[in-house]
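Right after this note come the structures.
Here chain A shows up in two complexes: once beside chain B, once beside chain C.
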Partner chain A sequence: MIEYTSTRHNPGIDPTLHLWGWEIPVYLFLGGLVAGLMMLSGYHLLRSRWDHDRAHGHYVTAPLFSLALLSAGMLTLFLDLEHKVQVWRLYLTFRPASPMSWGSWILLLVYPALAASALLTLPDSLPRLVRRLPVLSRVAATLSGRDGTVHLIGFANLVLGAMLGVYTGVLLSALGARPLWNSALLGPLFLFSGLSTGAATLHLLSHLTPRARGDAPGFSDALASVLVTWLRPPSAPEGSRKLEQADNSFLTIELVLLALFFGGLMTSTLAHQTGARLLLTGPWAAPFWVFVVGSGILLPLLLQFLQAQRRIQSTLVPALLVIGGGLALRFILVAAGQASHWSIALP
Partner chain B sequence: MNAPFFKYDLFGDEISLVVAFAIGIGFGFFLERAGFGRARMLAAQFYFRDLRVLKVMFTAIITAMVGLFLLSRLGLVDLSLVYLTPTFLVPQAVGGLILGVGFVIGGYCPGTSCVSAATGRIDGMVYLAGMIGGLVGFAEIYPRVEHLVKATPMGQVTLAEQFNLPYGLLVFAVVLMALGAFLAAEWAEKVVGRKTPDPDSLLAPARPLAPVRRFAIVLVSLGLVAAFAGNPYRGAFARVDTKQLALDAGNKADHVSAVQLADWIVEGRNDFLLIDVRDAAEFAAYHIPGARHVPLAELTSDFVARNERIVVCSEGGIHAAQAWYLLRSLGFPAVYLLFGGLEEWKDTVLYPQAPPATAAPRDQVEFARRAAVATFFGGSPQTTGGAAPAATPALPKLAPPTPAAAPAGAPAGKPKKKKEGC
Partner chain C sequence: MSRYIMVIDTRRCVGCQDCVVACQTENNVPSGYCRDWITETASGEYPTVRLEIRSERCNHCDNPPCVHCCPTGASHVHERGGVVLVTPEKCIGCKACLASCPYDARFIHPKGYADKCTFCIHRVERGLDPACVSVCPTHCMHFGDAEDPLSGVSRLLATRPHHTLLPEAGTKPRIYYLT
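Our next item is the complex of A and B:
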């Protein structure tokens, strides 16, 4: 009891410090990850002539993984809601000034776009299900029959993915009461962090889906081979080099955005500077520099650079580090943001 | 800018973890590049097939040794602030034997098992898991074996002190010993392990001035310089920088307020020593929980390790200030004084005064916090009757609680394991 009041670590003493627990960071991470996956597979659909590039294993299973991850993320968001039964009211109105309203509508549109791109690849990703339900294969054939439809689905995924990615950051930056989040750069930062974790996840999927047999890699196969080829894939699959290069570009942009984010805060008011110092030198400095910058950005950058030059063996380590770094960024920013106050600037 | 940087407050706890991350990555990288992530490579030294481990480790030791010695002679490193692990002769010999047996059986030492696990080797991961299991098991039985672990204590000793040798001479001797070991290792590799020598080996290089020979010459000459360079420790002859002392005293960076100290104790911080310089009777009557009684006359240059963070307290503050000057001139870098002494401690921590009812909510919250801290230390908050503030400080001079009145489980009261060490 004494310790609670004197060190104020108890949620009952300082409830505002602990308004958001693990649910929001996990949702922001999964939302960003799905946004990245949507943009990458949308870009793939737009660029590819569909018939030729069907065999790209990771793009086949990605939409289904995205649907699963997004649903998990939505579940955490739902867990965080105070009035769970009232959630439907969000869809009775649209308020252009409210990021929450934007977010709920974006999420509503994201699902059909993802479902359409999942349907496109369903005969390859879940062959058994499609054999049971032939109607699915007819739908898939109709959708992939015309390049225009495929491109439309790709475009929708690209645009909605970008909106989703930016929205996860805007959700925080719109809360003016927290000086650390009070930066417009948070949207792009989360978007590019999402893109890098998305590319890393695709890379992971490409390693985990068997390609040797020539037939299509199934969704369930991919899950089962997670344990088999854990750290040492037999060889780097085709396309993974491009993904590594893309991931490195995203990580570099993310690093620049982080620098600009802190640059902006440090040249702003005392409250913003104090907020930024929470991460730079304060209580979150060690996890931030180690897990976000060190092992989340710099180390995978270096490893992927060396892998791309074929100077070291290609492994899943950089992909796992990038995903860990993305998760750490959300957790640390959400926690440190809630600890940053305007009252710090008062005399 | 002097080293050790942490001790000179160049960075705090958080940044020190970031530095540790960078050093750890670098250390792991070079261990892996040296081939130490492979158990076969490490075990090869026991069969004299490849004594690379011995060479790398010994090179690291003499490089660090010569470097530290010379840097401290140049005044860039204060060796007395570098932490030395205390020696417990018999337990450490037994521990070394256990480690050696584990090394031979498993093929890894603790550091290299981490490298091996990080490079994806399953034997390394199993070894690491076993090590963590052993650590947990040891921590669980520690209270029962503590007397064994702390048997035959010798304190913080160095070879030079133990054998009464000049430090520099010892450095030179170790460099020569290392060179001898390298030569013996190459000879053993050739004769016992049947290994064809490298073209650039120390023993029989293809060219007369191979890089490894040049490196050896540099190390031996630096060792020779060290042999005549004198004592690297800054002794009692070090000059006191009175200007710096005056500046430190002037900018009040050396003050710790009673409230701050109370918070440290409540938080269970154990990275500082609280020294009470009053006389024995006063100390027996009351002292701050966790304080250690050291009269002014006993503040010598070796009364505690010089890398300790020390907070001095006295009744009013004058004796503490004198102790501060004394300790600073004895070369203790991190000395602070309890501002206002025990008087201030009683007024603000043990018996804090309630703010008037009209005070701002922030002050009320702050007082609630202070009241809780006061109860923690066995004191009681003083509330003023009604809204009118008392004209005179009506703080009743209660008999200060005896030490027993302080909660027995006060975190700072218990000796805790230091954070330092390897």
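Our next item is the complex of A and C:
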């Protein structure tokens, strides 16, 4: 028997660690989602010949959408800082051993890459703005004039998206004091979760982006369109079936990575096993199994499989479930990780 | 190159908390926070019960995860004695160092920066012991240079059984508890 008492009483530390509230999980989710969107749009740019007349559908609005989401994520990250006036210190140094330092510099590179691909698609995503500011049209024409430039932007988005997605997981896994997070698989897990939520978001966008109208303001109509298309099952636009298949692949890989993640923890030290049990059978088990594994991975996998087989009508439900699952994964892992501790395993 | 360590005799410590109060007074620690604290661990079954009272604080680890994960360099290893310190003006309050510490030894100061034990480096540089060591009524706390084989702390470690906290975390802590 062990009885342990402590006179320490530091806020945020005792009785249990509670340093990161909603801001960090939301940032990790948005960062992962944007990483997924960047990789998918980057791959699309690399694979295709750029041609405005062939309306690139959902890929048109994705870069602008990504910029907005990433900025929202950066805002939540800033809100989490306790010493906000010193935030500029991040960019006075580069600390190779600090994932947060890597992240801040990666984000600095992500913005120009996203901005370039947003400029490329601006005539299609914000035609009214481009008509008012012809210089934007000229910039877009310059960027899209050569396939090499388009491919370079695509490559930059692909690589930086992968770095951003992995970094959101490494940010946690590098904190060895929390055994639940202490797995190298957290980086790939967050990357594939980001890819699946990114593909789901593209799927949503594919129902929002008008295909026939050349100058429709798809981006500005986004939120209203989500509500409308949620209420009535849309007909599957061109490319959305491919997205469903891609999403199913990402979800399957995510499921395998989750299994390996827990396999690694459960075959490690008692502290790691105790950390894994927080999710498997402990206080976070119910939300984890229901919202992450059940409605976040298995159910959308099944629905998208049936949609692909044309046994049920295509809806946006799987995409919304995947996005909800990705958000739940971050919230649950961040909360449970803070409760995971080496001393739990002390004899 | 000096390597400052602290050696605490758990057979002498009575858990009076003088060290805690001395630290709060010396370092102007804000009310409701503490840089050091007392823990009691009772283990075993009657009649073979064992009680260990410890004065705990930042372990000024040789392999400090808080320094490695700091994105701005605010957390650093001081050239004198390898003491782990925080420069408040460089700290952005991201809390990565708090999450990376297996001893939960850090906290966020009300002014927004990460705070913790400094081994009273301002006193040590004047040739004094840290405040907690200097006030201990049972003389259970010892501070000195582990690189000097003739120092009191080196001789204690050479002659008495001792342990550190969570050695399995791999941080190589520099607070030693004599048993």
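Operating definition for what follows: the second predicted complex is superposed on the first by the 317 of 347 C-alpha atoms of A that agree within 3 Å, B and C clash if a C-alpha of one lies under 4 Å from a C-alpha of the other, contacts with A are read in each partner's own complex, and residues count from 1 in each chain.
In this text, a contact is a pair of C-beta atoms (placed from the backbone, for glycine too) under 8 Å apart; a residue touches a chain by one contact, two chains touch by 3 or more.
Being a predicted model, the structure only gives us computed values, none of them experimental.
A.B. asks: State whether A:Val135 touches chain B only (first), chain C only (second), both chains, or neither.
C.D. replies: neither
A.B. asks: Now for A:Glu82: first (chain B), second (chain C), both, or neither, which partner does it touch?
C.D. replies: second
A.B. asks: So, A:Trp342: does it touch chain B (first), chain C (second), both, or neither?
C.D. replies: After superposing on A, A:Trp342 lies in contact with chain C but is clear of chain B.
A.B. asks: Which partner, chain B or chain C, is in contact with more residues of chain A?
C.D. replies: After superposition, C is the partner touching more of chain A.
A.B. asks: Quick check on the superposed pair: does A:Ser104 touch chain B, chain C, both, or neither? Answer first, second, both or neither.
C.D. replies: After superposition on chain A, A:Ser104 lies in contact with chain C alone.
A.B. asks: Which parts of chain A are touched by chain B and by chain C alike?
C.D. replies: In chain A, residues 1-3, 5-8 are touched by chain B and also by chain C.
A.B. asks: Which stretch or stretches of chain A touch chain C in the complex?
C.D. replies: Listed in rising order, the residues of chain A that touch chain C are 1-14, 17, 19-20, 80-84, 86-87, 89-90, 92-93, 95, 97-101, 103-104, 174-178, 269, 271, 338, 341-343, 346-347.
A.B. asks: What does chain B use to touch chain A in their complex?
C.D. replies: 11-15, 17-18, 21-22, 25, 120, 263, 266-267, 368-369, 372-373, 375-376
A.B. asks: Hey, which residues of chain A end up touching chain B in the complex?
C.D. replies: 1-3, 5-8, 231-232, 281-286, 289-290, 294-295, 299, 315
A.B. asks: Over in the complex, which chain C residues touch chain A? Could you list them?
C.D. replies: Listed in rising order, the residues are 17, 20, 32-34, 37-45, 56, 65, 68-74, 89-96, 98-102, 104, 106-108, 111-113, 166, 168-170.
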